[in-house]
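Take a look at this one; I'll ask things after.
For reference, chains read A, B, C and D in written order, and residue numbers begin at 1 within each chain.
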């Protein structure tokens, strides 16, 4: 195989899921013959006739249909055309899917794929990162793969789980990331990954911010600093152990998120470290997030709205002086 | 309002439905032959009507007990009854078989019992017994056994339409045919986006879905003129390209006939069916509500006539049931309800210490902690 | 498909509408008299038709420029064009007046210009100019000036229907009458819960709302048989208790006539109006999409005929416009588009440093920080 | 006036808003003649003819209508029958109301009233506390009044604000709390309140948990501990200054919330204190929240699911030993 993009990894994971498990089917707008707005299901309708279904523009009913099918033992994967439109299926996700097992003992193994995160020129309604919103609800697993390997193996993991999974795949990484081959093994479910070992600061992050953080770490390495970068991979469950072990090594924490701060992943990470690993901290734990406005359209605004390698590096320098 | 009218999206279907619903596989679920007559119970057998009446009686007496338990403080939260709607509700439950999918809503005690739910589990769920299907985690009308095709409604109106669609899609994937999925909803619930999306989706997928709208003229206190503006909700059917039917909501025989036809049509591949029936609920929205907003004139109209009394009269008139049987049934059901309630009242409540407090099916408690 | 058919929720309204739309108060918004003829442009004046053609031309050439700017990388994100839908779109925009409320959707460049939006602000918004109405914060089709009755759509389809209702309710509170609110949506958008809730609400409130459904046979790539199952979306109107009308989507005169009637009816208190028009978009969903999923046969059918060419022919045939005028207009518009684009390309982009980065109207930046 | 409940204060605030400002109208299910599921609008339809409108069961369109009216200068108050049903109006709230001013410069002064929080026997869908979900979105103000005075004055404040306000009124407090009279003054907008001064620990909380926290503080006072209790009042904006000033006095923080922990108010509070007031802390900041399941139906489970005076007191004792 030649080089595989993050997007292609998602397509191949769906292909494998369809091939391996007759319970799997795909449901979403334009995912059939057309192959999806981003081509994440390209040619799958042809390869798996009748198992890749175009839905009407009905996010609420799309999720409802998936839930009903899951109750009957199927393993549906729903594609939202953009994460932002999942707000229209919000009720079914948080009130029906998330509660079903607790209430009735019947599992609800659905996967809802959310093409997430910002890209230049996409504006307020095609750029959102909703992982914190869904992670608030007990009963939902929320995954945020940041690498080609994870895009592939975590999507398969999501399909295998008996719980509803919100799969936040990052659009900025779709074409941006490439790998030489598909992974043949993966970290255990729910484990965070030390993406770069270091000893001076722990950066905890996920999704597209992983790559900005790695770039910032690289930048600081020329100043002689050794930054550890933790890729959360799955934000619910959140791998507090790996985070705490890292902070134990570095004594310093910067949580970086592309979404808004209030109640976001960075809030949860900092709150856990502060309460469970207070004694490990040599300096106040810090957060870096998007600015507190809708995601702006103009690329110049967008580039300032979200954290970047540059702003992460500044935050790290600041933190190193605290 | 004419009995048994059918509105069809295509001209070819404008005549009243004729069809034979497949024979039931479970004991007690009788087949109904429709001859296409309107305004009569043609096709409704004696056996089915008797079963209908008996189940309505069970629902009525059980609900009266629930109300009493609520008043005496034994049931905490709310009690939501289907009094006056038993005929419509039971008709749907009776025409479904084991293996079908059923998502009852607020006022479907009768349909639930007809589908196979029990007096015992109803009481357990209302009283929060650990032995109930919901184990005290959810209660009252929010009960079911989804893995047995009996969905447990969430409160959000309209949400169950698409869920039933999903069950039917799953059955289709598995190559099962002859399965029907059904849900009931109030006329107020038809204003939700979920209802619309679900019905449209069912139509696109040509699913064997039956949606029964119990138009009891009020959603909580809100009268229909603040809820929708069309003279007849069956008019919605054409907009989805599905069949719309009308039943007389407090006439057991008519409900059995019309819903029987709808279920049979769905079962034989004719796609989604919308049944609308006018009626009144003869209680408040919940037992906390005295329904004083329902005008006396409406209560005294045809709509306000009690379907249980009407069914009793009609069965006796037809010679399908005797006065004595009716009395004996009432006594037997009353006894069963009382005995079951006393039993359940002695059952253990859930113990917070024994609970696993885990919302996940595949993760340890919270996975992360 | 017959021209100008009207479906009405009540029998009494089954004949084609007759009415006179109130004279426009703003220059350039001409009145349209409808005589109720079908299939002709009766009631559409020369002046209105000329204005329609000219505005369609503006939209077409402006959009061609947008596509070019996208291809050359000057516009980042996406470009979503209304090519082939200008006749329908412009008809709605032209029948509205200043003071009305208008929430255009994706393919409404022509309607926007007719309502008063400009080539300048369109380019500014697409290019993210700080001088545009959206100041680079939002872009492309997400543009408007809500305080002037020109709503700025959010992406979520269906969401604007109820928003326009709200504007109309506000006007009613203020005692303003004769105001119309209008929005356009694709046939795919009719599957959203929001669309349903909004239309039903408008019907309950008897609001002067006009909803135009541009049925271009595809929502993105999805053909209508995967989107809805009724043969004709006007069938939805009866289910809401509102008037449904059909227009020929690529026939400017028919669109002007039918929408003129709908707007006039709404304005004179006859409640919500649903207009459905069949057509094709003659471009991809966005400029990234080659629309290869649209079958050649459809492109070659009546539906695929270009409304701009048809309008040109028809106006010339009627003697309402000369060939020479058409050429002169095209040259003038092309020049205006080019000059405006060069100007906007030199305008300042928003500067992150000057931004207040505050989402609140009444709090300091974040209030809490 | 004899004693006024929290619920009656909400009714009276709406009455005053209607009387004082012709731009105000009320919209919601059953709020007209019937006076609302909880009677928060009792007799208002009669007193203000045509200004208290029954809506269809259409949460999405209800919020949409309010937004459109606000654009035209009205000040609508929307009543959700229960907070839990606002999930069906979620998209309009977070994507249209929250973004309108930023995108267009047009203000969106709507108030969405959410009867929130748990009461015995209400179960998973009539008990939720959604403040953290809404507070995540820049552009939304989120209020959580915990007293009769605040129920009254903050609702008036909400109507006066030019921003969309999510007004999380607590159902458990509806009849539970009473005051002798309506307040004639109020704290400034966005200010937290020291509900009980103390020097040993700061409890930061809001809504019904204020009263559980005060009871816990009372309990600990008999052991000689002096617990300070901060009532947030408004969770967005969050009054970090008052919280930090309190922690500066006590050196210890317990954040208590009735909602789920992940990304909840307690996460945001602890994260802010940890990063902005790290040096003020003498012990790890702690959080106490609901258990991680849907809100259970049975009163015995419900009483264990949410924090109570008893569990707060235990947490405080634990924290005092750290």
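Note that contacts are C-beta pairs under 8 Å (C-beta built on N, C-alpha and C of every residue); 3 or more make two chains touch, one makes a residue touch a chain.
Here the structure is a predicted model, which is why all the values come from computation and not from measurement.
*Asks:* What chains do chain B and chain D have as common neighbours?
*Replies:* Shared contacts of chain B and chain D: A, C.
*Asks:* With contacts defined as at the top, give the pair, A-C or C-D, that has more of them.
*Replies:* Higher contact count goes to C-D.
*Asks:* Taking each chain's centre as the mean position of its Cα atoms, how many Å separate chain A from chain C?
*Replies:* Averaging C-alpha atoms per chain gives centres 37 Å apart.
*Asks:* Return the distance between the CA-based centres of chain A and chain D, expressed in whole Å.
*Replies:* Once rounded, the distance between the two centres reads 30 Å.
*Asks:* Could you give the separation in Å between the centres of chain A and chain B, each centre being the mean of its C-alpha atoms?
*Replies:* Spacing between the chain centres: roughly 41 Å.
*Asks:* Could you tell me which residues belong to chain C and also touch two or more other chains?
*Replies:* Within chain C, residues 134, 137-138, 142, 154-156, 191-194, 197, 200-201, 204, 226-228, 358-359, 366 contact more than one other chain.
*Asks:* For chain D, give me the residues that contact two or more of the other chains.
*Replies:* Chain D, residues with two or more chain partners: 55-56, 58, 60-61, 84, 87-88, 91, 95, 98-99, 102-103, 124-125, 138-139, 236, 238, 292-294.
*Asks:* May I ask you to sort the chain touch graph into line, ring, star, complete or other?
*Replies:* Graph shape, chains as nodes and touching pairs as edges: complete.
*Asks:* Once bound in the complex, which stretches of chain B touch chain D?
*Replies:* Listed in rising order, the residues of chain B that touch chain D are 75-78, 128, 134, 136-140, 142, 154-158, 188-189, 191-194, 219-222, 226-228, 293, 349-352, 355, 357-359, 365-366.
*Asks:* What part of chain A is in contact with chain B in the complex they form?
*Replies:* Answer in residue numbers: 25, 51, 55-56, 58, 60-74, 76, 91-92, 95-96, 98-109, 138-139, 141, 161-163, 190, 236-240.
*Asks:* Across the complex, what residues on chain A touch chain D?
*Replies:* Chain A residues touching chain D: 84, 87-88, 90-91, 94-95, 98-99, 102-103, 124-125, 132-133, 135-139, 236, 238, 259-268, 270-271, 273-276, 278-279, 281, 283-287, 292-294.
*Asks:* Could you pull out which chain C residues touch chain B in their complex?
*Replies:* 9-10, 191-197, 200-201, 203-204, 206, 225-231, 233, 235-242, 271
*Asks:* In their complex, what parts of chain A are in touch with chain C?
*Replies:* 29-30, 32-34, 37, 54-61, 82, 84-85, 87-88, 120-126, 291-294, 296-301, 303-304
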